[in-house]
Amino acid sequence: MNQKTLDEMALWYEVNQFYTREARLLDAEDYDAWLETMTEDVSYWMPTRENLFRRDEAALDEQRMNFYRESLTSLRVRTHRLKTGTAWSENPRTRYRHLITNVEVEAGDAPGTYRASSNFLIYRNRLERDESWMVGAREDVLLRVEDKLRLAKRTVLIDQNSLLSKNLNVYA
Amino acid sequence: MDLSELINVKEGWIDRRLFWDQGIYELELERLFARSWLFVGHESQIPKPGDFLTTYMGQDNVVVSRHKDGSVRVFLNSCVHRGNRICFADRGNTRSFVCNYHGWAYGTDGSLQGMHEDSHYEGWIDKSQWGLKNARVSSYKGLLFACFDSDAPSLDDFLGDYRWYLDIVLDQCDEGTEFIGGCVKNMFDANWKFGAENFAGDSLHVGWTHNSGTQSITYGKQVGEVMPVDPQSFHANANGHCWEGGLDGIGSIALLSSDRPCIMEYYQARREKMAKRLGELRAKRIFGSVISATVFPNFSFLPGIATMRAWLPKGPTRIELRAWTIINKDMPDDVREAVRDACMLSFAPAGLFEMDDGENWENATRSNEGVITRRGRLHYGLRNGTSRRDDPDLPGNISRPMYSDVNQLAFYQRWLDFMTASSWADIPKSR
Amino acid sequence: MDLSELINVKEGWIDRRLFWDQGIYELELERLFARSWLFVGHESQIPKPGDFLTTYMGQDNVVVSRHKDGSVRVFLNSCVHRGNRICFADRGNTRSFVCNYHGWAYGTDGSLQGMHEDSHYEGWIDKSQWGLKNARVSSYKGLLFACFDSDAPSLDDFLGDYRWYLDIVLDQCDEGTEFIGGCVKNMFDANWKFGAENFAGDSLHVGWTHNSGTQSITYGKQVGEVMPVDPQSFHANANGHCWEGGLDGIGSIALLSSDRPCIMEYYQARREKMAKRLGELRAKRIFGSVISATVFPNFSFLPGIATMRAWLPKGPTRIELRAWTIINKDMPDDVREAVRDACMLSFAPAGLFEMDDGENWENATRSNEGVITRRGRLHYGLRNGTSRRDDPDLPGNISRPMYSDVNQLAFYQRWLDFMTASSWADIPKSR
Amino acid sequence: MDLSELINVKEGWIDRRLFWDQGIYELELERLFARSWLFVGHESQIPKPGDFLTTYMGQDNVVVSRHKDGSVRVFLNSCVHRGNRICFADRGNTRSFVCNYHGWAYGTDGSLQGMHEDSHYEGWIDKSQWGLKNARVSSYKGLLFACFDSDAPSLDDFLGDYRWYLDIVLDQCDEGTEFIGGCVKNMFDANWKFGAENFAGDSLHVGWTHNSGTQSITYGKQVGEVMPVDPQSFHANANGHCWEGGLDGIGSIALLSSDRPCIMEYYQARREKMAKRLGELRAKRIFGSVISATVFPNFSFLPGIATMRAWLPKGPTRIELRAWTIINKDMPDDVREAVRDACMLSFAPAGLFEMDDGENWENATRSNEGVITRRGRLHYGLRNGTSRRDDPDLPGNISRPMYSDVNQLAFYQRWLDFMTASSWADIPKSR
Amino acid sequence: MNQKTLDEMALWYEVNQFYTREARLLDAEDYDAWLETMTEDVSYWMPTRENLFRRDEAALDEQRMNFYRESLTSLRVRTHRLKTGTAWSENPRTRYRHLITNVEVEAGDAPGTYRASSNFLIYRNRLERDESWMVGAREDVLLRVEDKLRLAKRTVLIDQNSLLSKNLNVYA
Amino acid sequence: MNQKTLDEMALWYEVNQFYTREARLLDAEDYDAWLETMTEDVSYWMPTRENLFRRDEAALDEQRMNFYRESLTSLRVRTHRLKTGTAWSENPRTRYRHLITNVEVEAGDAPGTYRASSNFLIYRNRLERDESWMVGAREDVLLRVEDKLRLAKRTVLIDQNSLLSKNLNVYA
């Protein structure tokens, strides 16, 4: 096999492991470490998914309502919640699990950047029998900083119109 | 069961069955949702002829449509032929609604226009008799309400004195208000009244339930600092519509503009202009304070925080919450975006405040069902009976301070008015 | 509720409650499914002694078994000891059915044969009194029907004039018919009657709902070309059993044989032979046309397309659809395969026609439940009252052309006959 | 429906509606679970003041708490303010229970201690009147039972003669018993009575249902070898509490100690000591045999196998099974571990025995619902009427051998006593 | 590591990416591109799954009823449906998501052919809250044509007896 | 790319295929072959997951109740059940499917040992419409024996408190 394939495969493996580690951090509520994997100017966006007639379809619009439209600052604010010790509804803790599949990656526009996509299934279970299932995809821009990958931009497509969960105390 | 025994306003307690009983729920659909004016949208969502959106009135799906004559029409989203839904989009623009099953076509006013192979129907149907049932529609300064009961009073009478409070949000400037595009929906397992009563008067939960959210957003402030205990803070209600909050004029804006100063600047710069329309009290002391409000039965909002939401019933123990963000049309783009994102940060499925409410309501709903548990009453007695109608400054029934069950009891009193009445004739027009 | 007010045959409308009300559904199980002859299978599915299959009569699971004496037995699939199911396979061959819980063993006729540790039962049970309840079983030219009501008329009387139409599918050749092995099942959230009424008479939906499927299969033809509007096309019904379709003798075969010419060749080559058995009208003009049919209450089929299906009720708003493919025993292998695959291409969960029907029925079922919506009637008035019993060519009640609600109303009239009767004595034997 | 027609003890049959009817289920919650003493835990689970666990009494969630005075308190886990659950942990240690919604705080005895912002409540609530409802609590040699009916007899009277049998498990040594830490829970779709009646007397299913489990654990032995047919084996019941099993004194221990000989050694070495407390019959012949037992209504256990479990009702066709392992406090660590793991190997969701039971009960529950099926009776007639109260050796109602429906009928007779009584006054204290 | 492992790994990666891309095409309703990934004589089969006593079990039989038994021709007919513009029930569009896992590949009988297997979870969500979940496995024969992999044969095992969805407007 | 990354990637691939094959064996009820993939002294543990206030949280305790706490011997006993031919409730057979994702591996403490983790979704479907869904994670110690990987230790974390299935006739 040639070097090109090899490098391609190595990059895919690196991104795959980046996502696997990220999933592990999220499932452990280790949000500080999670934020460490992002660039300072990261943009994290989860738009709502509207039911539109095909003729009315348009590109997803950042000006419309969303589940998340975050900067590193606002993610810090959000993830601070568990540190206050008074988020009563998070005690006992939720059992989270991120299953990440369908990883693809290609070179991005700027050198050292990559466009990566992946699918996810997020399962949450808490208390005696509360369950939540979410499936969707992520479109990311990754940046190589000092030989490490960092998340620069993420668009999360959750495959639901009305969110079929009581809340979103989780990130994709 | 005797409904009047479920609620004791005098003694200040409520029966736990209200929150899960199937029979009570079905009666609510018949006697409350089928009779009441219900929020269906904002004019700004359907500006042009042919624009439409779909929503629910009770459990009936309806189309809210801008007819070609410019009027807003609200009609059932169910074909008169076999009953299929005729519109499956959340929103859009169309010239007509054509049913997928046999191609019956309805106008933007719900009238039956024709059908696939209509030659066969000649002489077999009087189209004028088979349109989609229209609801009465009325707008209050941009907010659209609809009602399926022809005996109901006008929207103005239905809102009564409460309009004075609604204006604080809806009438800040000539341009009026609009909704940010889109809607955030989610479903959870709670009775719809828990959402409604919470926004109607539950200032007490804020300091406890939302301690973590407040600290996170304000970088460590306690709720007491954002929402100081103020003896002048009040519960106000009229015809079952409720408003509760303070008079510092700043708490909720401060919350919203943390990390987003442009919001604070926008509002402070407009105080005087606002005062010209609303007067000093509403423009400078009420607006901006931490306030929550519920328009009876299931439409709630937070002035300042800019969220508006409907608690759509999906069964006795299931809600679909639909939330919008309301802004002034004269807001510059940066402020619009800031308000939208700050609003989502606090009140949305991922919102730092909303997350804790949902968990409480689900577990209250579920626990109240226990066979022994249901035999015990719930305490709604705080400051019960202290409201007065003759406040010099504030219209409606007023009680001070805002730490009380006064509004919640007014809400359930109104609920009882509807549930025990055989028709609108038996419902007191004003409460 | 007064059932007779739910259906107005004279005025041509139906109450929306029929499609979701729990009380109506439970009464259907008692008064309709527990009394009616119901399709349970085809003789070819259980050719040898010991062969069996399991299916449902209403919500009761039953075993359809070829007893050692060669007779077909149908009995409840529920042990008389604690009620456990005694057979969990879809089909198979066995000498007896042994319950997993305590090993009670039943013969291929449902009789109780013995049990694990049976010595202990000596003197404590009269086995002859504790077998599995058998239903009456009768075959009409290979199609097996069963009935749990001893007062019901014979299957022949139950089918009445409708047999003339059944023969068009079942009696094309000496060899008779058989089912392709296996069954396609799927579950969806609709009321069972939407499937039954659709196949009973709904020719109008084809051109609209199935436009895309028709175009895809025929490489661009419109439905009108496959199913031309024909004033001679007709609705026929007898005892609530319905048949609707055309007389061009070619539409459905053309559809089926697109990309699979061997099917067309097979049928055209057999027309004369068919005519000897069925006569010119049935063999050359009726068979092969686009036709749909429902045997009351919940067994439907499409002559030509070769699909047969039962709409198994699973609650007021839930169906399990089970579909089979019927072929003539004399079909060569290539034609069998072609029919099977062409049939799946059109009528199966992935079928280009069926996909659109299911979506319509689910949404009609759901929408009809709305509290305001349910107050409105559904229009079933097309050509209402035009059927005649004295047609020179066609038995049963006939109305022309096929674009009408005549069969649907006949179906619901029969439904009303059953639902309002306290026993078979009150049910008109012939309609 | 007339409940007394659902069960015919004389003729030995039961109506299938018992296992799925919603109305019967709701009456069970009111008349059976709300009146009966119910198992809530073992003293060893909450040794220290502040220790607590949560469980269900019927469908009411309760906190089982060790109050600071050392007494055990059982109270509703639902806040009196809006009804929210006040404790979400399975177990733990705490000084108080604080509600998440508005911070109402309850003591370890369920008393209302105070709330967030309680200054506002001064004069508006009498805390002493608004604590969490406590149940009566009583311990029988370590096993904790609670009851919400003040008219119920004492736990001792409720258990009556059955205590003689309970002692076989609870009173083997001075140190007494304890539970292994933790609990195995799982949910499945069966009626709770199938579990209860099975453990009450169903020795017949063991040889058939559990053949594979027995062979696997014993490396090929048949059940008959582990549980030989013994004419002296018996069914014993008192006040609806049931015990059935043999007298070989070895079967269940042999099963448990396969691959784990230390268990056998432990018990054999203690037989004499046991005999001093329990006498020869109970210590050497009864204990150790294959035995199953149910304390009316929904607490079952297997002496020897060491499993104890509650069949928590979650609806007419849903159970949550909670299982614990009971051991003697004097057991050395290796034996404790061996008992725990051997117990899980046989009776747990992955247990080689339990797996087969659940499947049977689910399918019996589901099948009994069929509309024709429900018309047929279930056979409970084996050795019906053979029990005697005057056995020289054994207290309670005794029938020999253990292959019978005697206990099951006694269980359902007791069920009928509760279901047909308007209060405890109508319930025979002793059966 | 030796060349053999390396080639093996490269092949696995190639197949993994083949499946990932295929999933992306299916989720986007890009059926023309999907059919491009197949050989002219592709056979695509999804049999029904019967409940049989173990003693009656036999190999899956192509003569029995099925959910799909397709050639490239019939797949073209099926996928044409969305092009007609009159598939009313597909408007608004369904939110599809294919999660592909457990990829294995080995050399096939003929040179340039491979036997590959994979597991799938297909999530569909449409309108306000219609959901469908399907889990199963795929047994494929892949063929290398001009250095590109193509699907030559697929057997889809869906792990359901009665299909627990209203329809199958999707491919595995 | 350097040799280190390459070896790392090769190891990951090896473990990934080990799990994929294991899943295939489990789905086929080929338990004898499954036990072959384990060491003689394997420990297989699936603890229950308790709801505890965060202040009461402690490490999972082997002394408490569990779903599985097995040795090779007890696993042989358990898996023998299907060989008896009298496990009535397993006839017709269950349709099982293990979806394995999020594989990570690193060197273990002893040479030739590895610490590997993975997430799983197990779907079971039997009879007409019985379904069971389970999601969780596995923490393994793998051992290289004669150039083959073997499972030496596994901890299965199932993300449920009350098991939402009628039984556990399956392994993760």
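For reference, chains read A, B, C, D, E and F in written order, and residue numbers begin at 1 within each chain.
Everything below uses one rule, namely that contacts are C-beta pairs under 8 Å (C-beta built on N, C-alpha and C of every residue); 3 or more make two chains touch, one makes a residue touch a chain.
What you see is a predicted model, and the numbers here were worked out from it, not measured in a lab.
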A correct list of chains touching both chain B and chain C reads D, E
Note, CA centroid farthest from chain A's centroid sits on chain C
Ranking B-E and A-B by C-beta pairs in contact puts on top A-B
Rounded Å distance, chain D centre to chain E centre (Cα mean): 49
Centroid from C-alpha atoms only, then distance chain A to chain E, rounded to Å. What do you get? 27
Using mean CA coordinates as chain centres, what's the gap between chain D and chain F in Å? 32
When you check chain E against every other chain, which residues touch at least two of them? 6, 9, 51-53, 88-89, 91-92, 99, 101, 121, 127-129, 161-162, 164
Residue numbers in chain B touching 2 or more other chains? 88-89, 100, 185, 187, 208-209, 356, 359-360
Chains touch one another in the pairs A-B, A-D, A-E, A-F, B-C, B-D, B-E, C-D, C-E, C-F, D-F, E-F
Which chain D residues qualify as touching chain F in the complex? 88-94, 180-189, 208-209, 211-213, 215-217, 219, 259, 320, 323-325, 336-337, 340-341, 344-345, 348-350, 352, 354-356, 358-360, 362
Looking at the complex, which residues from chain F come into contact with chain A? 1, 5-6, 9, 12, 49, 51-54, 57, 99, 101-104, 117, 119, 121, 135-137, 159-162, 164
Under the touch definition given earlier, write down the residues of chain A that touch chain B in their complex. 48, 50-53, 56, 61, 63-69, 73-74, 77-78, 80-82, 84-89, 130, 161-169
Residue numbers of chain B touching chain E in their complex, please. 88-89, 100, 185, 187
What residues of chain B sit close enough to touch chain C in their complex? 29-30, 33-34, 57-61, 76-85, 88, 100-103, 116-117, 120-121, 124-125, 130, 133, 148
